[in-house]
Amino acid sequence: MTTALVVPQDLQTLGREMYELVRLLYPICRSITGDGVRQTLALVGDRIPLQIREVPSGTQVLDWVVPPEWNIRDAYIKNGRGERVVDFKRSNLHVVSYSIPTHRRMTLDELREHLHTLPDRPGWVPYRTTYYTPDWGFSLSHDQLAALEPGEYEVVIDSTLAPGHLTYAESVLRGKSESEVLISTHICHPSLCNDNLAGIALASALARALAGRALRYTYRFLFIPGTIGSITWLALNEEHLNRIAHGLVLACAGDPGPFTYKKSRRGNAEIDRAASVVLRHLNREFSFVDFSPYGYDERQYCSPGFNLPVGVFSRTPYGQFPQYHTSADNLDLITPQSLADSFAACWGIIAVLEGNGRYGSVNPKGEPQLGRRGLYRRVGGQQISKGDEMALLWVLNLADGDHDLLDVAERSGLPFAAVRRAADRLLEHTLVRGIDV
Amino acid sequence: MTTALVVPQDLQTLGREMYELVRLLYPICRSITGDGVRQTLALVGDRIPLQIREVPSGTQVLDWVVPPEWNIRDAYIKNGRGERVVDFKRSNLHVVSYSIPTHRRMTLDELREHLHTLPDRPGWVPYRTTYYTPDWGFSLSHDQLAALEPGEYEVVIDSTLAPGHLTYAESVLRGKSESEVLISTHICHPSLCNDNLAGIALASALARALAGRALRYTYRFLFIPGTIGSITWLALNEEHLNRIAHGLVLACAGDPGPFTYKKSRRGNAEIDRAASVVLRHLNREFSFVDFSPYGYDERQYCSPGFNLPVGVFSRTPYGQFPQYHTSADNLDLITPQSLADSFAACWGIIAVLEGNGRYGSVNPKGEPQLGRRGLYRRVGGQQISKGDEMALLWVLNLADGDHDLLDVAERSGLPFAAVRRAADRLLEHTLVRGIDV
Amino acid sequence: MTTALVVPQDLQTLGREMYELVRLLYPICRSITGDGVRQTLALVGDRIPLQIREVPSGTQVLDWVVPPEWNIRDAYIKNGRGERVVDFKRSNLHVVSYSIPTHRRMTLDELREHLHTLPDRPGWVPYRTTYYTPDWGFSLSHDQLAALEPGEYEVVIDSTLAPGHLTYAESVLRGKSESEVLISTHICHPSLCNDNLAGIALASALARALAGRALRYTYRFLFIPGTIGSITWLALNEEHLNRIAHGLVLACAGDPGPFTYKKSRRGNAEIDRAASVVLRHLNREFSFVDFSPYGYDERQYCSPGFNLPVGVFSRTPYGQFPQYHTSADNLDLITPQSLADSFAACWGIIAVLEGNGRYGSVNPKGEPQLGRRGLYRRVGGQQISKGDEMALLWVLNLADGDHDLLDVAERSGLPFAAVRRAADRLLEHTLVRGIDV
């Protein structure tokens, strides 16, 4: 018999704690490697046990190679008067991530081809990267660019790009089974809150809330740089991937937009069905979208050679909020309430995974007499209660070994929790037997 | 070659006869056992041949036990002035079915917990039962309850609850095949017309109309008490259930609401497809709903260990009309016209079962030349007739042994009768051969 | 690697050429046999290489027999004053096709049963045939009929109905594979433009545009009389039918109505999926309809014994435009632009057939690093381009040997051409390998 996963009591407190973690992580300059990642993981590690992995630059991982490690101390553009007109110290978005070390003097016209702006959003600074092409650049607001006067500028990027390591972390909670639920979130974005400090905070909160519980599955939380991180993890763990029973990528989980679940490549994996049943019962707007091979690390988990059952949980997805990959993805875009709601939704999905299973009726021929066992109302002739009695009848009717409790929830339209509760009562009365639970 | 089932000519007369049977059955106090059931079956037996079965109390049937037999002669509540303020003789709904014998004096307050009313429908008396919990009670209108003065009351229920029998009846019409169509209706409700004297009248009329015809299937009509009746019949006939090819539960078939067909648990059984095609062509509103494990005896037929292809035909289904299980489900709720329409719809479904089959084209390569055989219009260039010629072409095109005539009706959108007629003409001209007909 | 089929440059010129062929063919009196067919094929043969087939009258073809050959020189109805009140020389629609030779005097009343009009369209002359019933008749406008005065008329039909041949033509373009694409159009209708001189012009233009190209499939164009022509061809080629990989019937392709694609009997054949993807991306209204066994020669190709994957391409389909099978289906009903658009749509479908295939990723585990190969934008952080980069990711993700490029187009919503281009780029970089291409 499965113990139901009770939602941690105080979601409001949880939301505030998650927001606080985001606030602490916000100033750090992260990239796909480097000390910003290490500082980030240190703060996460204050909350949940983490195993830090360091993979040397140059390591072959699938079709990729772990790049040199990038670190940066300072960067700026100074005008003729010696004023820092663009300054890394004010926002780490100003430097194109993985910019090579640079110290040059150049005219505004020469400089221009290294400058990135958003003409349509003249007040915002875009986030740009050049991980795999040795280059350098600055991002700035279009207004800043417009204010630059002709003349000579001094450009300094005090970065290093040198053999080092790619850093990521795992947090593993052992359950009864060796089968794993993979929860993956990317940690490579600098001062951007929804994408993806919100995901980091959500994953941390889930790991913390699950810790110490009696779990059916083993839970593996991955805090990894996007793309190269999942590629690296997959390469290093290829022989264990058959343990991954379900997976979720968490991203963009803090804005106030409606929930979005992106299905795994398989399209009808248990994680996809679980998300559908849970989101449907939250009684709020949500999107349930098909897999596509663009997005976050599901691209790697769902590549054809792996095809893992991994979906994506987010609120407004990548590229669909105007602040995406700009300086406007800041602490104002996300809220403690949205983070808490995201937590509750993911918790619901996990509760389904923990509680799902196939059952066999002990009395499959005709209904068992529920009244005799105190499971049915005493006075007949009244309408059936929509909730508990219907759930008992549904579980019994589909306790044929072919249907799982998710099927029951889908067909009956009842919340999964009611279905699970019914199964527990039937187990108590030895009216059903677990088959694969 | 199958002979089409022609609809009995005068549906209006049929409707009046069905209503008349309801009128005769209405006063009888029925329950799941007892003399009310026997009187009911006697009246049905005046119309169609019935085999009455008596199963002793205490017989183990699946997970259940046949209960003691219940009979009642009188029951009332008398006030201090000796007036019968609630009186079984005025409506058998006043006594909770299966009430144990009782003779007590008690205050109004003590009495209250044995009284059942409908506060929202203060003029109506609810129908209540206590089959499997030894208890007693009265149903009355909320207005009646409000008029009761404080003081002492005399309560009398002159019932017996003693070893006896569970009574049900079967009417079997032998067809060419041993495969059976099961038509089941419940006979346990007291003075309630739509639920289910209408079902009893409909089943009786169908049995009577089918009698004496050359039938493909054997038809087994069951007149049984709800739940315990089907449980009992299933227990006694377990080894013959593989003969059940199709089945229908009839209930709530007399009100003026739109037809409702509830699919079998299988969801796409031939009976489900037949009902869909027939109801679609009646050109009136109807509902076609998925199986759920609450309702009437389909709960037992469609339990996972049997999973018989049994659907439910009704008009407004259980619990969805306000008069359901109240004294307002009376002779005014149902009409001869509604009963006759229900008959016609069920007759149409039976005609599909009788007429369906798979055929193989004798000339599967290219179309056979229909004109030469007088099966096609002589002058070409005109639009094809929507009806007969299209039906010929459709039957020929799907005469591949994989598709049955229901497929033809579904794909072509033609009425099943037109498809059946086309198959008959093609059989006449040896253009198709029956495969499983 | 497949070379994309580039659309011939000047669609406007093509449209004008197609219309010009219709104009030349319009006056000819065609039927299912006879010299009109031969003249028609001679004009087509001026444009594309044709093999003419002559099949003797009396030949048994499947369930049919090739009928006597019909030819006509003159026909008229003369009134008492010797005036030709109905005259074949003014429109070949005036004579019911296959009318037997006739020379009689008769009253208007006797004559009436041989006269065909359209009371609802009093100015139009209907098209009528009597191929397989020896009879004769005239078609005329209802206004003409109304103007006929009582009295005696002289009726002359100077036709011959005698042993001869059924004539049809094939044009075969050899491709790399022996698998064939069958493109069939009917040539038996007299002066009717949309049905089906438009189909003849479209088939001719496609054959001409494909000639001389390096093709994957072999293309077989059939110019045949309706029904008896496809029956005859199928009978004579029965042992080669397994070569037909895809097929299209072309008809009613010149009016300005929206495109209509009628699915093959299989319903999900590659040709059906190709048509769906192509029509969806033309950004204009279109219909995509299920197979039904009435229409043109798809009736024969899709008879159950053959069940070939043959769909129908048309604009407004048979019987759904008011001018259908009347004198109003004339040169004004069709336009060069509509013909050209039809050409482009069919060309698109052919391009899909030529370019479709299944591929296997060389790096199925994780994504290959596209940036290193110059296949991905250099600066990260920006939104992905909707077109080319997404197409690369989609092809890679579905390069699992199970999905073909049509699946990629369907799932991604991208045009097939973009998908094909992506596959070509991936082939160039040895990132995918062809499996069945």
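Residue numbering begins at 1 within each chain, and the chains themselves are lettered A, B and C in the order written.
Note that a contact is a pair of C-beta atoms (placed from the backbone, for glycine too) under 8 Å apart; a residue touches a chain by one contact, two chains touch by 3 or more.
All values derive from a computational prediction rather than experimental measurement.
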{"item": "Proportion of interface numbers common to subunit B and subunit C (over half same, under half different)", "value": "different"}
{"item": "Angle of the C-alpha superposing rotation, subunit A to subunit C, to the nearest 5 degrees", "value": "120"}
{"item": "Whole-Å gap separating subunit B and subunit C, where each centre is the average of the chain's CA atoms", "value": "53"}
{"item": "For subunit B, residues that touch 2 or more chains besides their own", "value": "none"}
{"item": "List of subunit A residues in touch with subunit C within their complex", "value": "62-64, 96-97, 116, 126-133, 135, 137, 227, 230-231, 234-235, 238, 265, 290, 292-294, 299-300, 302-307, 319, 324-325"}
{"item": "Residues of subunit A defined as touching subunit B within the complex", "value": "361, 363-369, 371-372, 378-384, 390, 393-394, 396-400, 411-412"}
